[in-house]
Every structure is written in structure tokens, then in C-alpha cells.
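Okay, so chain A shows up in both of these, paired with chain B first and chain C after.
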Partner chain A sequence: METLKSAFDFSDFPRLDISIAGIIAIFLLVFPLFSHSAFAMATMIQFLMFSVYGMGWNTIGGYGGQVDLGKAQYVGIGAYTTAVLLIRWNIPFWFSMPLGVCLAMAWSFIIGYPLFRLKGHYFAIATIATSLVLMDLFSVWEFVGAARGLEISPIKYHYPDFWRLIFKKDIYYYYVILGFFFVGILYVNGFRRSRLGFQLRSIRDNEEMASSLGINVHWAKIKTYAIATAFVSVVGSFHACYIKNIEPQDTMGLDLSILIALMAMLGGAGSLWGPIIGAAVLIPLKSYLKAWLGGAAGLAGIDLVIYAVIIMLISALEPRGIWGIVEKVRRRRWQ
Partner chain B sequence: MDILIGSLVAGVLIGMILALVALGLTIIFGVMDIVNFAHGEFLMIGMYTGLLTAQATGIDPLLTLPVAAMVGFLLGVICYYGFIKYLVRGPMVAQLLGTFGLMLFLRNLALLIFGSEDQALHRGILIGKSFDLGMGVIVPATKLAAALLSVIAFLAIWLLMNRTKTGKALTATALNARGARYMGIPTDRMNALAWGIGGASVTMAGALLVNFWSVNPFVGILFTMIAFAIVALGGFGSVPGAFFAGLVVGMIMEIPGIWDFLTYALNWDWMANVPMTSLKYTFVYLAYFIIMVLRPRGLFGWKR
Partner chain C sequence: MALLEVLNLTKTFGGLSANQDISFSVQEGELVGIIGPNGAGKTTLFNCISGFYPVSSGKVIFNGKNITALKAHETARRGLARTFQIYAASGDLTVIENVMVGCFMRTRSRSKAQAAAEEILNEFNLTGIGDVFVGELPVAVQKRVTMATALGSGPRLLLLDEVAAGLTPNEIEEIMANIRHIHSHLGIAVMLIEHVMELVMKVSDRVMVLDYGRKIADGPPRTVAKDPEVIKAYLGERFVREHQEML
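Let's look at the complex of A and B:
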């Protein structure tokens, strides 16, 4: 009960923040009621998905300071669990999703235990390595369709199927992922003031100090890694039902892992709003740049060049991201 | 037996080139404590440099090495002064993602300029020729020449690092940057030099590799991961470590060939059904993970 209360307790934010967040929440709730293009809808769903990915990354990467560049492997585990169970045994999403989370968390414990003996760069590269190993294994595993991947053919089901999450209209998907989005915000809000949240921030700031205060550093990191995994895996399952076509390269590739980390970094790692801001900036930018520039003949890749320049500028000039800039401005005004 | 020896020879030859690929990464890491994710993209640029120089001037692709070295040196120095210098002020998270940004930038710039098609060399003195080592082992001449040249380049850089004053200054910067600054070593210029040498060595490896490996803009990430595995095995910052680890990783990449030999020798049916060739690089990633977990310092590492 106490933890539930703390999840709804936003009182330590300035009033301005809460009112802006409230306005955005209301906008997100009513957005589909206005007329919109299918493209805008797809972009909004992508934005919400990546916000939840980013929130998950933020628990371990932002609050914990452990740069994880292998989150896509858990997207893959979630997506494949849901898709395989649905295709082979017709098991609905709401059962396969928790199962996917359990599998992903089990895998995260198995590799998390050796992984967290590493620090800094070594840890980051090792997470990439594990993710690529898993992707390669899925690309040759016939049971999950090898490199071709799996396809959920929607013809077999009656629309709208809430149990299996097979819809014709994107608006249903939008509200499902919006639900996950709000639950995610509430969870992270509770997390950042929980015992584990404080332990993790002390680990980020000074690991030796944290362990001398009696914190079990290794275990705290593994636990948080599993939490981050759960977030990512849930959206992975959603991804399987929404995209309906999953391939190892798309769902488990390095690009996705990087994008997840990048979003949280750009917005501001280690703050509640950071990943959401990052996703809100990068996802529309990415899809509109691609639509405007990528489509033109002979300009393939120019969207990603612009994208890369933004990453480089942010990391060189303001490593704490957009939220860091906001806080800097605020501090200046108070003085 | 000939399959086994053939695989081992191929492993050694590719390993010599991979050692040169990893050398740049280990120098940069040793001097600056920064992991360059764009390393494979430097290699890709080296490959394009070799290819385009050979095609434009009509000289043999193996002779494009100096051009590639020049391009790589300039690329490294420009990257340092234009970007990395500002990046190292920030926390580690920002450094990681910053070099990732550099990787994306170079890769997609190459995509924009060269297009996404595979390109390969077709003309050259050695292309299409091969040596017969006896016992049915045939070595393509390009691979052999590339491996030998890469060993020569490796030795040259090793001499530069160990036998010249500049090399000593570089080592001093690597050991203790602040101390080196007090001794009057311009550490900023040394960092730039490390990036230049690192870039030059990897683009040379690229120009050698393009003799028998087709190039496209996405080739980089594979070699980045291979280089990480080599550097992890050899020890971050260790130059001789990079060489021996390169050979080992070359062998690891030939595991499918060895597997073929075992399948043939043991005559077990289930072994033939394992899709080993698609798992070729998986072993490299796995090797990185296992090495890092079991022995984080690597075989020859001196830096923690």
C-alpha cells in the first residue's frame, strides 16, 4: 500500500512540471479523437513504445549508471515468446506476455550475474556481445523461423480481438500501449524513491562508498537489470502483436539497442521525464526525416546522417541531455 | 586432414590482418581510455580508399597502402580535434554514445556517397592466383600478400611506439597523462597522434582486406566487434597482446572449417546438420564475453 502511494506521489516536482505533465497526459488521452493521419498515429505509437523502452533502460542505465547496450535481446525474447505461443498454440497475449517477462528476467539473471562483474566500457561491450550471440542463435533456430522470422497472419482472427491483441485499427493499439506507458511512469516514479532506487544512485555516484555502506552492489545491479528487462520485454510482446512480423535483425539487432539507450540519454538519463522527452524528440524526427528525405532518390541514409550529427552534438556539448539543459536554466534563474 | 590444415592456415592469415585492425583500437584505448565504436567504420573507409584508388589510378591494390595510411591518419586527427576532444570532458555514458554517433555518421555518409551495393576488386596482379602448399592446401595469393604486408605494418608501428622518442611520449601519456604533462609532453598532441596512428593502422588493414573481401557501408560493425574481442583477449592497451590475440581470433573464426573436418573425421550425422557457417561470428562475440568475464585484464593486459 505504501509503495502504491509513493507511485502516485509526484509532490517533489515543481508545480510547473506537474501541470505540463498533466496537460501532456490529457493530450495523449484525447489525441486519437481528433482527426489524424495514419502516419501520425503510427509515429505516436512508436513514441509510446520507445518511451517505455527508455524508461526501462533508465532504471539501470540512468539511475544505476550502467550503460547497457544490449536491451534488444529482451525485446526479442518478449516478441518471440508472444509470437510463438500465438502461432503454435493460440495462446492469447495477456498470458504469453507475463510468460515472456518471466523468460526474459530468467535470462537476465543468467547473464546478469557474470555481466555485472564488469564495469564501464567493458560492461557496455559485453552487453552488445550477448545480444548479438542471442540474435545469431535465433537466426539459425528453425523452431522460431530462423532468419525469415515469424509472421502472425491476422486473417485467422476476428477483429477486434482483445485477448490476442489483434486489431485492424491502430487506435486500439494506441490505447493499450498508452496504458503500459502510464503504468511505466507510475512504476518508475515509485522506483526512484524506493530503497533500491536510492541504493542504485549511490552505486552510480561512488561504488566503493556504496558497498562500504553495506549495500550489496552486485545484487542491486542484477535486480535493477531484471526490472529494466521486464519493461522492455512487455513492449517486445506488444511489438509482436502490433507489427505482426518479427525478424531477428529488427527485433534483436544492435540498432534497436542503441536507439533505446540513445533516447534515454538524449532526454536526460537518471530523471523521470528524460526518456519520454528523448523519445518525443527523436521518434518524430526520425520518422519525418525518413519520410521527407529518405524517400527522395539517391538520398538514402541522409536522415541517419542528420540523426548522427544530433547524437554527436548532444554527447559533446551537453552530456546530461535535454533535461540537463532545463535544470541548468532553472538553477540560473533561482540564483 | 587437408580441410583442417587449410582452415588453420586461413585462420592464421586472416588473424594477421585482424591483428592490424585491432592495433588501432588498442593504441587509442591505451592512450586515452576511450572506446572507439567507430573503429569498424574507419576500416570501411580504408577499404573504400583502397578500392577507389586502385580503380582510379590502375595501380595494384596492394600498393594503395600509403594512400590508405594517409587518409586514415588525417581521419583520426580530424576526428580527434573536431569531436573527441570535446567528448572526453563528459562522463563515460556520453563518450560511448558519442563514438556511436560517429559510427552512425561515417556509415551513413558512406551509404550516401557510395550506395549500398557490395563492391569488390576484380583487377590486380595477384587476384585469382594461388599457391599450393601441398597436401591439397591452397592459399590465395592475395590473402598471403595481405597477411605479410599487415605483419610488416604492424612491426613498423610497434617500432614507432617502442623505439622513437615520440613513441615513448605516447607511452608516457598512456601511463599517466597528468605526469606526462608535467614533464612537458604535449598530451593533447599525443592524443591526436594516437588517433592518427590508430586510424592509419586500421585503414591500412582495410586496404589490405579489400583485396579479398567485398565492401559495403555496413561492413564496419562486424569488424568493430572482432576488434573488441581481440583487444579484450590481448588486454586493453597492449600492442603485442593485440598481435597474438589476433591470431587466436582468426582461429576462432575458422571454427566452422574445423567443425567440417571433425564431421568428416568422426562421421557423425548430427554434426553435419548444425548450421556452423552462419554462426561463424557468434563464436567471436561469445569469446569476448567469456574472456571478459573470466580474465578482464586479457592475456597481456597492464591496464585495469
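Let's look at the complex of A and C:
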């Protein structure tokens, strides 16, 4: 009960923030009602998806300070669970999605247990290495289509199919992911002031001090890693129904993992609004880069170069990202 | 039965014995000062008791249970809290958030943790700065926040490692008031590592002296201060001359 109340409690934010957030929330709710291009709609859906990815990453990566560069594998578990169950057994999204979350969390315990024995840069590198195991496996596993991946053929279903999340119009997908987006915000808002949220911030600051206060540092990290995993797995399931065509490379690849971490880091790791701000900046940039580079094969990979530059700029200038700058300016103004 | 009992504790690093065959006990509600030259093994002793280091040999009994092999977070949950010599409270958290992390050891509920933390801040004369980030406070206040945080976890024994180092006389007064509150008012047992003699001699029921990893004296402050071996190893003749009236 208290947990539920604290999810809806934004009273520790300045009034200005709450007003801006309210206006943005209303804009997001009514956006599809105004005339818009298909490109704008697709970009908005991407923005919402990546916001939720970022919110999930932010629990372990931001509040917990564990730079996790391997989140995509769990996107893949969600996406493949939903796609396989739908294609083979016609099982709807609302069953396969929670199952995907369970599978992803189970895998996250197996990966997380040894992973969190490592610290700092070793941890970050190990997250990359372990994240590619599943991708390699799925690339050769015929049952899930190996490297070709899986395709959900929409002809089999009657539009709009709310159980299976098979729609012709993007507006339906928009509102589904918007729902997840709002739930995500409420969850993280409760999380950041929950016992686990406090414990993680303490761990980020100083692990020895945290354990002197009775916190099982290893276990707290593993638990939070599983929470982050649940977030990205849900969006992975959504991704399968929305894109309808999944491959190991783009649901489990390193590009996606880095992009997820980057959203939160650019916007502000360890703040509620950070991942949303990050996605709002990066997703248009990503779409633009894609359109601009198009099929220019020789330039493939330049987007990664740009992301790398952004990472370096953040770590050199303001580890707390854009939101960190906002807070700094604010505090200076008050003093 | 003693609250804490340490039996023949030895801790070696490579060839170096940082703690050599140390035995002592702490009674419920007692305040024990620990003094000794730099490198004597004081901090190491805390690390062994609280489960941060595995001991090389010996036993630690707390509250009747053998806790020698327990990890740091497990000893904390049994009522053993500590502060650290090298760092103060979490700078990225506000004062009240720091104390709440401690209080969260006893409760899941945020409102309960917050109420408990507010009460502790009140007792520590830290009200009014609850929402300040600890990193922005003077070191003396940071040290007091660390003590308040450790207290939040509801310990039966509190290990304080040089909380008064580098502070001005006024600041030491404030710290002393906090320690007295913990000990006299709350009745919590305290072990206090300190180089600031005025503080140790005034507040301790008993003082233990370590030198080169060994316990060389253990007794009431006045007796220990007159012990020739202690004077030779640590206090020095000048200290005794200058502090006649105190002793």
C-alpha cells in the first residue's frame, strides 16, 4: 500500500518539473490525434520504447552505479519468447510477455551471480562479453530461425488483435507502449525511494559502508539487475509484435546494449527523468543518422563512432548527464 | 555474559602480524577506548571483528554466538555497527537519506525509516540540515552524520574509528556529546579508536592499548595512562607531564 502510494508521489520534485512533466504527459496522450507523418509516429514509438529500456537500465546502472553494457540479450529473450509462442502455438502477447519476463529474469540470475563478483571496468567489460553468448547461440539455433530470425506474418490475424498485439495502424502500438512508459515511470518513482532504491544508492557511493549497514551488496545488485531485465524484456516482447521481424543481431547485439546504456547516461543516470531526456535527444538523432547514412555501406558504423564520442563527452564533462547540468545550474541559482 | 568476546585473535598480512593473539571482552553498555601508535593494528582489529577481514586464527563471540566467519553485512544485522577511518557518510545522499539507509536495516517501510532517522537527527543536534547533501558539509559534521547513520541500524555495539581526527576543540565537544548520548542515554556499548587523548580519557570506562599488533595494556583510563610500557610505546613522558591534572 505504501509502495503504491509512493509510486504516485512526486512531491519531492520542484513544482516547475511537475508542471513540465504534466504538459509532456498530456502531449504524449493527445499526440496521435493530431495529423502526423508515419515517420513521426514511428519515431515517437521508438522514443517511448527506448525510454522504457533506459528506465530499466537506470535502476541498476544509474541508481546502482553498475555500468551494464549487456542489456540487449534480455530484449532478445522477451522478443523471441513472444515471437516463438505466437508463431508456433498462437499464444497471445499478454501470456508470452510475462513468461518472457520470467525467462529473462531467470537468465539474469545465472549471468548476474558471477558477473557481480566483478567491479568497475572489469564488470563493464564482462557484461559485454556475457551478453553475446545468447546472440551467438540464437544465430545457429534452427528452432528460432537461426541467423534469419523469425517473422510474424500478420495475414493470419484479424486486425486489430488486442490479445496478440497485431495491429495495422501504428496508433494502437503507440498507446500500448505509452501505457508501459507510464507504468515504468511510476515504478521507478516508487523504486528510487524504496528500501532497495536507498540501498543501491548507498552501494553506488561506497560498497564497504553499505555492507556495514547490513546490506548484502551482491544480492542487492542481482535483484536490481533482474528488475532492469524485466523492463527491457517487456519492451522486447512488444518489439516482436510491432516490428514483426526479429533477428539475433538487432534484438541481442552490442549496438542495442550500448544504445540502451547511452540513453540513460546521456539524459542523467540515477535520475527519474534522465532516460526519457536521453531518449528524446538520441532517438531523433539515431533516426536522422539512419536516414542520412542510408545504405552507404562504407559509412556503416559511423553511428557507433558518434555514440562513443557522446560517452566520452559525458564522462569528461558531466557524469550525471543532461539532468546533472540542470541540477547544477539550479543549485547555483539558489545559492 | 559479555556482549563481545574476542579470543586469541590473530591477523597476518603476508609476514606481518597486524593483530597478534589479542583477547578481550566488552560488556553490555560499556565504552572501551582503543589507543596505540600508527600501524598498531587498531583498524585491523575492527575489520576482523566486523567481518571485513577473515581472521587468521582466533574467535569472535558476539551476544553468545560465534560470528568469526560471518560477512560484514551479517555481523551488522546481528547488531554490530561501525564507522570508517578513511571515509565519512555518502556524499551523494542527503543527511537524512544517509541515516535512512541505516534505519532501513530494521524496517522495509519508508515512512518508518524516515521517522526513525528524524528522531536520530534530532538527538544528534543535526536537525535543519536533513536535506543538505553530505558532500557539501564540513568534515566534522560528516563524521557526526556517519555516526548517526551507524546508529540508525539499531546496533548493540558501535565501533567508532577515529571520529575526532583533525577536528577543532569545539567540534570535538560536539562529537563527544554525541558519543555520550549513544553510551549514557541509549546504553549502547561503544569501542572507540582515537588519537585525541582528551576524548578517550574523558569518555572511556576502560582503555585498551595496542602496539605492534599486541595488546600491551587494558584497564581504567587513569591506570593505563600511568603504565610505564604505555608511556614508552605511545603516550610519551611529555603527555604525562602536561596532563597531570586530567589524570
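For the reader, a short list of remarks on this structure follows.
Note that in this section the second predicted complex is superposed on the first by the 311 of 335 C-alpha atoms of A that agree within 3 Å, B and C clash if a C-alpha of one lies under 4 Å from a C-alpha of the other, contacts with A are read in each partner's own complex, and residues count from 1 in each chain.
Throughout what follows, a contact is a pair of C-beta atoms (placed from the backbone, for glycine too) under 8 Å apart; a residue touches a chain by one contact, two chains touch by 3 or more.
Values in this document were obtained by computation on a predicted structure and should not be read as measured data.
Residue contacts after overlaying the shared chain place A:L317 against chain B, while chain C stays out of touching range.
For chain A, the partner that touches more of its residues is B, with chain B and chain C as the two candidates.
Look at A:R333: by the touch rule set out above, it reaches neither chain B nor chain C. Touch criterion met: A:S6 reaches chain C, while chain B stays clear of it. Residue contacts after overlaying the shared chain place A:R193 against chain C, while chain B stays out of touching range.
Contacts of A:R15 after superposition: neither chain B nor chain C is touched.
In the superposed model, A:S211 lies in contact with chain C only, and not with chain B. Once the two complexes are overlaid on the shared chain, A:S202 sits against chain C while remaining clear of chain B. Of the two partner chains placed around the shared chain by superposition, neither chain B nor chain C is touched by A:H158. Residues of chain A touching chain C in their complex: 2, 6, 193-195, 198-199, 201-202, 204-206, 208-217. By the touch criterion stated above, chain B contacts chain A in their complex at residues 35, 83, 86-87, 90-98, 100-105, 107-109, 111-112, 115-116, 217, 221, 225, 228-229, 232, 275, 278-279, 281-282, 285-286, 288-289, 292-293, 296.
Of all the residues in chain C, the ones that touch chain A in their complex are 50, 52, 71-73, 76-77, 81-82, 84, 87, 89-93, 97-98, 100-102, 104-105, 107-111, 113, 149-150, 152-153.
Those residues of chain A whose C-beta lies close enough to touch chain B in the complex are 61, 65, 67, 69, 114-115, 117-118, 120-122, 124-126, 128-130, 132-133, 136-137, 139-140, 147, 254, 258, 261-262, 265, 269, 299-302, 304-305, 307-312, 315-317, 319.
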